[in-house]
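Structures given as structure tokens follow.
Next come two complexes, and both contain chain A; in the first it sits with chain B, in the second with chain C.
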Partner chain A sequence: MPGLTENLLLLTPEFALTGLALLVLAVDLFLPESRKGWLALISIVGLLGLAVLSVVMLQGREETLYGGLLAVDRFALVFKVFFLGLGVLIILSSVDFVRKHLSHPGEFYGILLLSILGMNFMAQARELLTAYIALELLSFSLYVLTAYARSNPKSNEAGLKYIIIGAFSSALLLYGLSMVYSSLGTTSFAAIRDALASGAGAGPTLWVGLALLIVGLGFKLAAVPFHMWAPDVYEGASLPVTAYLAIGSKAAAFALVLRLFAEGIVPVVDIWSRWQIIVAVMAAVTMLVGNLVALAQRNLKRLMAYSSIGHVGFLLAGIAALGPGDTLVANGIILYLVGYAVTSIVVFAALIAFFNHTGQEEIADLAGLADRQPFLAAALAIGMFSLSGLPIFAGFTIKFYLFTAVARAGFLWLAALAVFASFISLYYYLQVIRQMYIQPAPGAPPEQSHGHAAEPPPDSNAHGAAPDAASAIPSPGWRLALVLGLGLAGVFWLGVYPAPLVAIIEGASRAILPGG
Partner chain B sequence: MVPLTYFQLLSAALFAIGLYGVLARRSAVLIVLSIELMLNAVNINLIAAASHMDGVGRFSNFDGQIIAIFVITIAAAEVGLALAIILRMYRNRATVDVDEINLMKW
Partner chain C sequence: MELAWLIPVLSFIAFPIIVFWGKRLPGGGAPLAIGAIAAGFALFWVALLGFLAATPDTEHCLTDAATGTLACNFQRAWFNAGLPGLPDSVALSWGMTIDPLALAMLGMVTLVALMVQIYSLGYMKGDPHFGWYYACHALFAAAMLTLVLADSFLLLYVAWELVGACSYLLIGFWHERPAAREAAKKAFIVTRLGDVGLLLGILLLWREVGSFSMTAAFELAHSGEMSHGVATASSLLMLLGAMGKSAQFPFHVWLPDAMEGPTPVSALIHAATMVAAGVYLVARAFPIFQYSGDALMAVAIVGLVTALMASTIALTSTDLKRILAYSTISHLGLMMLSLGAGGYTAALFHLLAHGFSKALLFLGAGSVLHSTEQQDIRHMGGLRKAMPLTALLFSLGAMSLGGIPILAGFWSKDEVLSAVSHGLHPVFIVLALVTALLSALYMARAMFVVFFGPSPESEHHDHPVHDAPLAMAAPMVLLGVLAAGFGLISFNWPGSFGGIGSFLFYHEPEGFHFTWWLGILSTILAVAAFAFGYLVYVRKSLSLEGFRRSFAPAIRVVERKYYVDELYQWVVDRVVMVFSRFIALFDRAVVNDVLVNGPANSARRLGVAMRLHVTGHVYSYALVMALGAAALAILWWWRVA
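After this line comes the complex of A and B, so read on.
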């Protein structure tokens, strides 16, 4: 069969990543308990090496593998480097957490590496079955990671809910795939485009199939009304895994959706123009529900879950505004994913540092953090400002770029709604900052006679748990500090001078939107 | 030759039964079982479509069968994972009733 072994060398980074994951799992068997830290080191060095290797090897290549099932292009390369870098940051920020709260670090890092492999393939897939298998590789790894704290009932519950919803949505996705296959006889994105354009095979079967595909992907993206699993899973999972879910799985799912839409559906203008409104309404509902329900949250992880649902709404607005040959919107989506990742990693690294010392994860627990650990409080505050989209931080640049692109594509109302939703989000992000900077630390002596500070806590409390909770928090370890430093640098860099990154992303968008 | 529509109706019925099971069952194990039903509906659909691709009931397009094999493999792995997590749940909470698995809400 032609093309089966052709170009196989282009997959070297993926083969090497598989090898790295297996290496970590194997080395784990021989390391004594005190040396498990090496596993993280091996993973990080390996991932950095692979990122360099991918750039050197694949720079400027525009080729396909296995008869067009996988694409090796700029789009895939940008996402590959993005996912590998994200993996480095997530592993760096989970080392202390894993040592303290989880057992079996070897499997943790090994499975994390395998999930990165799944994400890489999701960005490369140009065919539904390949995309589905890559998606399942990612999802299976995430099910395991979510349920990783084996003796923690919340983690079990999150894992169970995640795998049931995940398997259910996979079944919907696959049924959609089978309908598409039975009406077209093929499942590649290009063939879907050709069939839609020529009208051959178009009929109720194809429409139901495509609708089921979108529903299945909606579950994976946690778009409203398919979002109900996300808050529970985010809350139950361990914090580094929550960070990974919020950033990595979302970015990978959007990479897949972006390629599917840009190569499969968007080029057929007369059909896409009728579908746009469906995606646009989904985006509008998602951003409103995510941001409004976030207002009522008490738990930091749940807050971040609903906030991430809101961000999915913004990204979906970008998907709805896609047009043939128009790279501006696609640029906006990819830039948003990068900016959101950089900002979220700052927030989550700060939360992990806080959790490692205190074991707390409620918003109210952050009270007085500015006095107890000024650096963490400042990092968290900058992260929150950036998430809400205030200028000089990454959040402003990415929102400005994406919303402008959406408005220019003719969806002015959607862009206006997105700006409105961002205003709502400012409220709950500022709540967190208010806790850290204005509320006094629990058990700290009230400085002035505010109205509510008149009743001091009972003495037993003040001498019991309170002084411990109120005491200063030591500065985070060097790994978390490194993640925070890199993340903050990224947040400011993107906020002030995003042009070089936009130039790279422009190349990625051109790869999937030919004729632009 | 049995028309493709019959297969599609069978598949749709099986899918609907599975969907009902996911929504109505209370035991996590039975929910997983119902999801398996849905995946088998997918397989029937795929293989029937592959056998009818040329219009005379002979296999001329093998994609559907290949996809079905992948689906079976992935479904098996999924069940393994799901049962492992359910088992863990049972050890910690002594229940697999999804109505009682409610530590986290809203």
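After this line comes the complex of A and C, so read on.
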């Protein structure tokens, strides 16, 4: 093992990110209560700087560090930039919320930054223990963030549930990891691949170990039947944290799963071809349960929780369809993660803006939003359309790409099921839109909603100027408006012209699927 | 030339901005919409000059074998599902084709849209939904221009539906009025009937060709490799779509009702641009229609029947806007007839000339309505004195469409007649001449009654009738110049320009041709018709009473619009409603209760069960996880062993 400390420079972004987190925590101690906004600014500037730094430093590098523990490749870089950018958007949309509803902003931002560090390592890990440590770094940060609203009993309960179930799943994961180690004698992805290919160590211990590994990761992904914590935790956590859970932790877990499968298991074709069906069944159950149960939800956060479980089902279908050297499916998964993140950030930013003013989070509370705050309603409607996969929005492109790839890989039934599940999802997404555009605002005179709901803009033009003073909602602050603007631009951009992004993602897929 | 993609995109951008921030923009967002379309008009010239300078050697450009003209194609990948070159990968792209046909439409649409939007500044002043009006206009312009530029049937279809939706919104613009709501609904539903045909036709072509690309489809038809049956079937299906959009018999019923919309909308959408989309579609897909042959004959017959029928109804209608609407239907029929006769250039020339003239007529009618608030010509008369400018311009438009020499409509109608006489059975040219005569008659009637006839004494206007304000007058003057002089571009001018036939042609460049006997005959007919109108409606030296009495039953049939509306109503009541009641029952009992609510209910029950299951019982989650892990391990074992 030549020189463990060789090329440490390649980890500069991670070191700097750690430093940034510590800096925020330290600066917090010296800032008066009225200046806490600086912390968000420092974090955002830092994250943007790090994103640029990562691209400049790591562009075109294909190396491994610490004797194969960490990868510095295109795949890691793409996800790193993705996570850093996501962090910027999440912080931007939290600022108003934190100021209004949470105390100790310094720790909030500091812990958020540390969790991003965990995500970055998850995308880089090429060895199970490293992956586990990165995962725990992310998880512990999320436990704290979930329980952050200390005065809110729901938040406390959610944090408690999350940490208990999380600990349980970590235990299973570690147990599985130790069983894999005991039968194969290694924990690195590449060595697992070689051992599987040679047939050494095959036996019940290995299978049970791998099954437990899947359970632990399935918990992180909130795949059925390991999903039950998700709605409770999503509902209890503060909205920005919910957004972060739904987008960030999920994407990081998929980055890890994708690399683990693509480098460790998929290349062993005869074994993988027998295992695919297991993941496929899990995907099918997940997408069905997530989308069906979402139909019955009344709380927006729980709706988003089940909807995100449904999306995990689609992504798992992609994992099941992975094949050696076939970058198409991997492209589909990564593109889906990006598109889902962009769309979800729009939805969550709109919900945060709504919550900041009203403190409400039930679907029924959105009634008449089109009259009360047309911009928010339109943003939310576009987000919902995109999530349900309608064309010219990102949701269509990513679903079309992923499902086509899945179908091409031989899982036609799974792709068909995914299309069917998407169709179901349209129902509950439209429910939200119906609530905003057709239902009258609470306390609004009844004639405001007569007949022409099919053409929302005239409604908003006609009545938007003089809605009930009590029900009108002021425009979101500039930070949320910026997030919404960027998110909407992204939704349309991905819906109309995703080709450049696909080209970048193609590079990432090639890094983990050699020989494509 | 590549900048042409900006032409629709600018208006697309204007749309959401006006919707969301219209109230805060100066002028309610109207300047933004006008600016977007004006920039589009300027870019049209850029594209035109670029195209004229292009040769087959220019990048992106080639001589299209199927149409024989130079065509420049620009494409951007939308996305590839799959890697380029892989056998199963699906590549979708946004693309545009710039060829003479697209350029001609582009120029007409941007110009008329610009004129109408400026006109609307005056016409719609003070309307409570002013901003929404301009937002719809911007969206319409964007969709219409996309339709014209589309290089694939898929994109064309999307734009096609979008213009339909804009038409729906604008017809129903005054949705407080029940008639407007009904008309909007009728227009939408009737055109949708045709659109189903269009979609099926496109899908049929896609199956045959393997892509939505127009060039590929035309290439296949041109080379004769396309199955003849598919070509006929798909072109007939596309013709259905064209008939719906261009209000051809029997789908014409929506257009007269569509006059419930604001008059500038009628001028733009229901006279010059959107209704011409059907003609454009047939012209665009001409290689397939021509390859089929039978389909072309169907186009000719549909056009002739429509032209004749609509022109007779126009003679009996008493509503100024409906006269113009039936006249539009009739002229669209003439364009279809011309296409059916193989007169590609003539049809498009007439499309342009008619577009300018009819837009002018509608704007003139709008000016009359605006100041008299009266739509029934029986209550009008002698407006020449109160509004001299409108009278002059309206007469110009009416005479142009009536076929009085040297005005635009004369030249284009003559080309159409000439094409019909060369390409079809003699019956067609006889009936086409009858249509031309009727067209001159109803135009003369409208013009003389409204502006030159005696004013009805019973009418007392509460406010003095006034001529159009500047914002409305200026666009009318410009369109008037075009209605008068547009025909001049058909000649072979000395120098490089060899007339429109050398620019806009199918396979063979056409010189200016003038069939003398037809020209003289149609001139005589037109002049006679106008003279007759003058004698009947101004001098009152001739009376139609005797004629009316002896042909009362026939006139009644025409006045009732050949009972087509009644027939529709009967079909809807007796057939569609019965069938749909059955379907509704099926839908409620099977689809809704079992298929939709069933899962939702069981899911809801499941959700309730879960909620009961979860409160406070963290260990139950762990239990489920453990069970899941066990199930997974067993599954794994089973797969491996």
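Operating definition for what follows: the second predicted complex is superposed on the first by the 491 of 516 C-alpha atoms of A that agree within 3 Å, B and C clash if a C-alpha of one lies under 4 Å from a C-alpha of the other, contacts with A are read in each partner's own complex, and residues count from 1 in each chain.
Just so it is clear, a residue touches a chain if its C-beta (ideal position, glycine included) is under 8 Å from a C-beta of that chain, and two chains touch if they have at least 3 such contacts.
Bear in mind that the values here come from a model prediction, so they are computed numbers and not experimental data.
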Which partner, chain B or chain C, touches more chain A residues: C
Does the superposition put A:366 against chain B (first), chain C (second), both, or neither? neither
After superposition on the shared chain, which partner residues are touched by A:232: those of chain B (first), chain C (second), both, or neither? both
Given the touch rule stated above, what does A:186 touch, chain B (first), chain C (second), both, or neither? first
First (chain B), second (chain C), both or neither touched by A:491: neither
First (chain B), second (chain C), both or neither touched by A:131: neither
Partner chain in contact with A:164 - chain B first, chain C second, else both or neither: both
May I ask you to decide whether A:143 touches chain B, chain C, both, or neither, giving the answer as first, second, both or neither? first
Kindly list the residues of chain A that each of chain B and chain C touches, one partner per complex. 160-161, 164, 168, 172, 232, 296
Within their complex, state which residues of chain C touch chain A. 19-20, 22-23, 76-83, 86, 88, 90, 94, 128-129, 131-132, 135, 169, 175, 596, 599-600, 603-604, 606-608, 610, 614, 618, 620-622, 624-625, 627-629, 631-633, 635-637, 639-640
Counting only contacts in the complex, chain A reaches chain C at residues 160-161, 164-165, 168-169, 172, 204, 207-208, 210-212, 214-215, 218-219, 225-226, 228-229, 232, 274-275, 277-278, 281-282, 292-293, 295-297, 327-328, 374-375, 378, 397, 400-401, 404-405, 408, 424, 427, 451-452, 455, 457-458, 460-462, 464-465, 496-499, 502, 506
Listed in rising order, chain A residues that touch chain B in their complex are 129, 133, 136, 140, 143-144, 147, 150-151, 153-154, 156-161, 163-164, 167-168, 170-172, 174-175, 177-179, 181-182, 185-187, 205, 231-232, 235-236, 296
Could you pull out which chain B residues touch chain A in their complex? 4, 8, 11, 15, 18, 22, 28, 31-32, 35, 38-39, 41-42, 45-46, 48-49, 52-53, 61, 63-64, 66-67, 70-71, 74, 77-78, 81-82, 85-86, 88-89, 92-93, 98, 101, 103-106
